[in-house]
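Both complexes below contain chain A, partnered by chain B and then by chain C.
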Partner chain A sequence: MSHLSIFVQYVGQYMKTRLTYRSDMVVEIMSDLLFQAVNLIFILVVFGHTNLLSGWSKDEIIFIYGFFLVPFALFSTFFNIWDFNERYIVKGELDRILTRPIHSLFQVILERMELESMFGVVTGLAVMFYAGSNLGLTISWYDPLLFLLFVLGGAFVYAGIFISLATISFWSDSRTDIMPMMYNIGNFGRYPVDIYNQIIRYVLTWILPFAFVGVYPAAFFLDKTEWYGYAYLTPVMGIFFFSLSIFLWNIGVTKYRGAGS
Partner chain B sequence: MGKYLEMIRIRFLMMLAYRTNYYSGIIIYSINIAAYYFLWSAIYGGKEDIQGLSVIQMTTYIAVAWMARAFYFNNIDREIAIEIKEGKVAVEMIRPYHYLNMKTMAALGEGIFRLFFFSVPGMFLVSLVFPLQFSANPATWGFFGISILLSFVINTQINLMTGIFTFFIFNNDGLMRAKRVVIDLFSGLILPISFYPGWAQSGMEWFPFMYISYVPSMIFSEGFVGQQVWNALMMQGLWCLLLLVPIQVLWVLAKKQMVIQGG
Partner chain C sequence: MNSMIHVENLTKEFKSYSSRSGLKGAFRDLLTRNYKIHRAVDSISLDVKPGEMIGYIGENGAGKSTTIKMLTGILTPTSGEVLINGMNPHKEREKFVKTIGVVFGQRSQLWWDIAVQESFRLLKKVYNVSEEDYNSHMAMVIEALDIAPLLDKPVRKLSLGQRMRCELAAALIHNPPLLFLDEPTIGLDVLVKLKIREFLKELNKQYNTTVMLTTHDLSDIEALCERVVMLDEGKIIYDGSLSQLKTSWGEGKQIQFHFKTPKTRDELIRSTCQQLVVWEPGENENTWTANVTNDEDIISQVIGEVVANHQILDLKILETSTEEIIRNIYEEGIIHG
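On to the complex of A and B.
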């Protein structure tokens, strides 16, 4: 069986399980919307007390947030591995995965898929168009193409970081509790990086490159020419970090010792 | 009583066995606070204070809010949900203790562990690098201690309620997520409540959320002084008592219509 047909099979099963608990699905979509609103409220409240954030206006920051939502939606649809340690290592569920003849990471991704998170793409686009029209931005013929490229790059950056973190569990099965804080650090990539000092900027660009899922690619659409170089790097960073995480996974999985029963 | 103390001890030891990874958590925590420091400095942009808080007080507020979160935070709603789904709750019910109290004690054991092995060293590390403002007044520390204990109680009560809801709706991942978002936003973890517009503030006074994070952080950063501290602590205590009512009601109803799904 090809990977594609397995994917389709999983989606089918997924729909069935989801439609069993319909009320929960509605609450889940609502809570997603609420989650997206939280950060928007943060921006709005902050700009209630200031006009410019190191030269960037409120609408520009909102536009960056709208852009961020799109790759983040893709990421949270397919890469729900924040509880990988508890779910697969501590409980020994990975034993089951490893007996099957398909790449283990691919199976984990399929099992933990959450298709309703795709809703975030719609919210993101709506926020972008809202802020963009306030700013009077125009769309060129190549913008949608680059947008797609940057979104994929951003989603892969996120996936790369979180898969790499999940692989730590192969070496050490203790809980880290760093995942929620990691999600929080992801938020900092949405603000103009020149507000941070050298170290934080370096971390957000090259070590935990969350700036590539926010300010760098969005700066391209905001016509901030000084950031174009970084914007074009987005897909490269995505491919690099995602490949690195798969490399780490492949090594890590050979070190796995079943911990559960 | 003895069995409950034993539960705190066991959970503490369980966490202690897996302590190494907490050190990596401290580094992530430091990056987090550092980024907040610069973000808030940019937001202040040279202003002396916003809503009565200076930049340094603001950084202290954020740092201590995250540190306190490590103490009051727990996943018992998820634990309860899993035990209900797997049918394990049936066994728990026939054991000679109160299920909800036992869960609370387990959470307390976890919280105490995180306080000593994560919050305290993390806060120490951050205070070396950033200008945080620690009060020299022992009373402030005392009030802060009482306040985070009450925060723990309120947050745990909300988690118990969310967990018990699994008895009625069977799969409550969505509800748990919504609860987390609401607490992040309205507890004052990411923004002090005083920064919100007036109408929003008066709305929030009707909910227990701001007593989880806003109150202890304001006490610690001395944004609250004198009578304000006493009032805030009284309100926290009041909510602790008030929330017992819905929990008891839900628990009685849940036991009546329990459906064991697995096991």
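On to the complex of A and C.
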């Protein structure tokens, strides 16, 4: 429980600093919204040329995109540590983290969280409801529960991959361009995996399982029974990849070399 | 065992690769790399008793910071044993760091954008300090460091001296029995330095806090530490009292003469031929320095003889400063220590 109360303290401080820089917050939310709108327009443009994509309709793809936005918002809020190498390893900020009595990863997450990204949950839900009503989807009593489970699973998949990548910095502090590349690969999970070839599909399912952040769990709500197995696997993949990343992190910390001085 | 810090054969090696020269070398580097192992800390052993204040000195790159980082649990040692407060810093890091306070002079512990007291509140939560403990202990710290007027200011608006005092207070929120200070007075003015020294003495007296201090400012060490540990190329080259260091190394005294007319070395040697004096030229031909052993008779004899033979305008007797002693040790190595 002490972790929870520390979390609450950090959130309180975060709000205080953010409220002193109100205009920053507005700009950030606006740019997030713009980014989401551009992606949506891209989907609409593609469907201006065709009505079906491997048997998926426009509204279904929009629904998947809407679903994707929710775990992605959770990920961006808490686990978006793309600048970990620069900030904590090269500048040696991890020294400070390691002299405090809380798990180092937890502290990094608390320091790097960006609560305004949570706004993505709202847009995601709006997009889903819009596409869902076009498709005439109904909501059963267990849907919200599974939705929560799948969203958490998806966010953990994302978090697991990005934390694992961040741990590379413990071994080599040279800058790599792997993070932006990973963001692009992550976007692949927003589209039905059966539009890709076998190899990409395999990679997106088992190696960099971004498909579990978008298409697999969303397919469940679209009543695509052939994908149910994958959908149910989402929380399992989330827990597995997240645990793996924590395991790697714990080894990595012992390899930390510190910055000079 | 009643030592606060117990270190045995502590070693830290860093692996770095050296690149070959030329384009051909660069291609060869792609295939096989030449690794070089650099020992930053080379099997040091150390015992510190509770309540001791020890100064840890050495040149840049001697391994001071690396040692401190191993003792605070930031770096994992390559080999050797560390036991602090009966705990291994690497096995039980989270429990261990609750018993130490750390101040890195070059790095801030405080949150940049929020007021100092908010930082303190957050740290109080992080260290899980109760309200009563916090109030009774921090009242003294805030009073002694004179930071009460700074508490509601954001850290980014503080001057370096103000920030440093707040950093020190932040490191003491959980009232740790052991405090590591890595160059805490770097870049500070004399008044702030004095205040911090006074405070550390007070802290040591009141709570029997053990302090391990690294600094390049030897006056800090003279003011605070009875014991110094000197490090060179990762090895401890001296571990003992500061006064011992001074007597065994700072034996000589210097007498600086300012003559009315230019002098040559031969002239001076001739006039003091009965004594063991080494003459060194000063800024110009009129000033010369005589290095003699620290013996009152010899000093007065040398002065007498010089004054009898030459006209002088001024004369000064200088004692070798700690700074010089340390410099000599580094230049000559510890041969007759």
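The rule we apply is simple: the second predicted complex is superposed on the first by the 258 of 261 C-alpha atoms of A that agree within 3 Å, B and C clash if a C-alpha of one lies under 4 Å from a C-alpha of the other, contacts with A are read in each partner's own complex, and residues count from 1 in each chain.
Everything that follows uses one rule, which is that a contact is a pair of C-beta atoms (placed from the backbone, for glycine too) under 8 Å apart; a residue touches a chain by one contact, two chains touch by 3 or more.
None of these values were measured; they are calculated from a predicted model.
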{"item": "Contacts of A:242 with chain B and chain C, given as first, second, both or neither", "value": "neither"}
{"item": "Touching partner for A:27 - first (chain B), second (chain C), both, neither", "value": "first"}
{"item": "Partner chain in contact with A:49 - chain B first, chain C second, else both or neither", "value": "first"}
{"item": "Per-residue contact with chain A, leading partner among chain C and chain B", "value": "B"}
{"item": "Touched partner set for A:227, first chain B, second chain C, both or neither", "value": "neither"}
{"item": "First, second, both or neither for A:2, with chain B first and chain C second", "value": "second"}
{"item": "Which superposed partner A:257 touches (first chain B, second chain C, both, neither)", "value": "second"}
{"item": "Which of chain B and chain C A:216 touches, first, second, both or neither", "value": "neither"}
{"item": "Which of chain B and chain C A:147 touches, first, second, both or neither", "value": "neither"}
{"item": "Intersection of chain A interface sets (partners chain B, chain C)", "value": "none"}
{"item": "Chain C residues within the chain A interface of the complex", "value": "14, 65-66, 69, 72-76, 90, 93-95, 97-98, 100, 102, 104, 106-109, 111, 113-114, 118, 121-122, 125-128"}
{"item": "Of chain A, residues touching chain C in the complex", "value": "2, 5-6, 9-10, 13, 16-17, 20, 92-96, 98-103, 254-258, 261"}
{"item": "Residue ranges of chain B in contact with chain A within the complex", "value": "17-22, 24-25, 28-29, 31-32, 34-35, 38-39, 41-45, 47, 50-51, 66, 114, 118, 169-175, 177-178, 181-182, 184-185, 190-191, 195-197"}
{"item": "Interface residues, chain A side, partner chain B - complex", "value": "21, 23-32, 34-35, 38, 41-42, 45-46, 48-50, 52-54, 168, 172-178, 181-182, 184-185, 188, 191, 195-197, 199-200, 203-204, 208"}
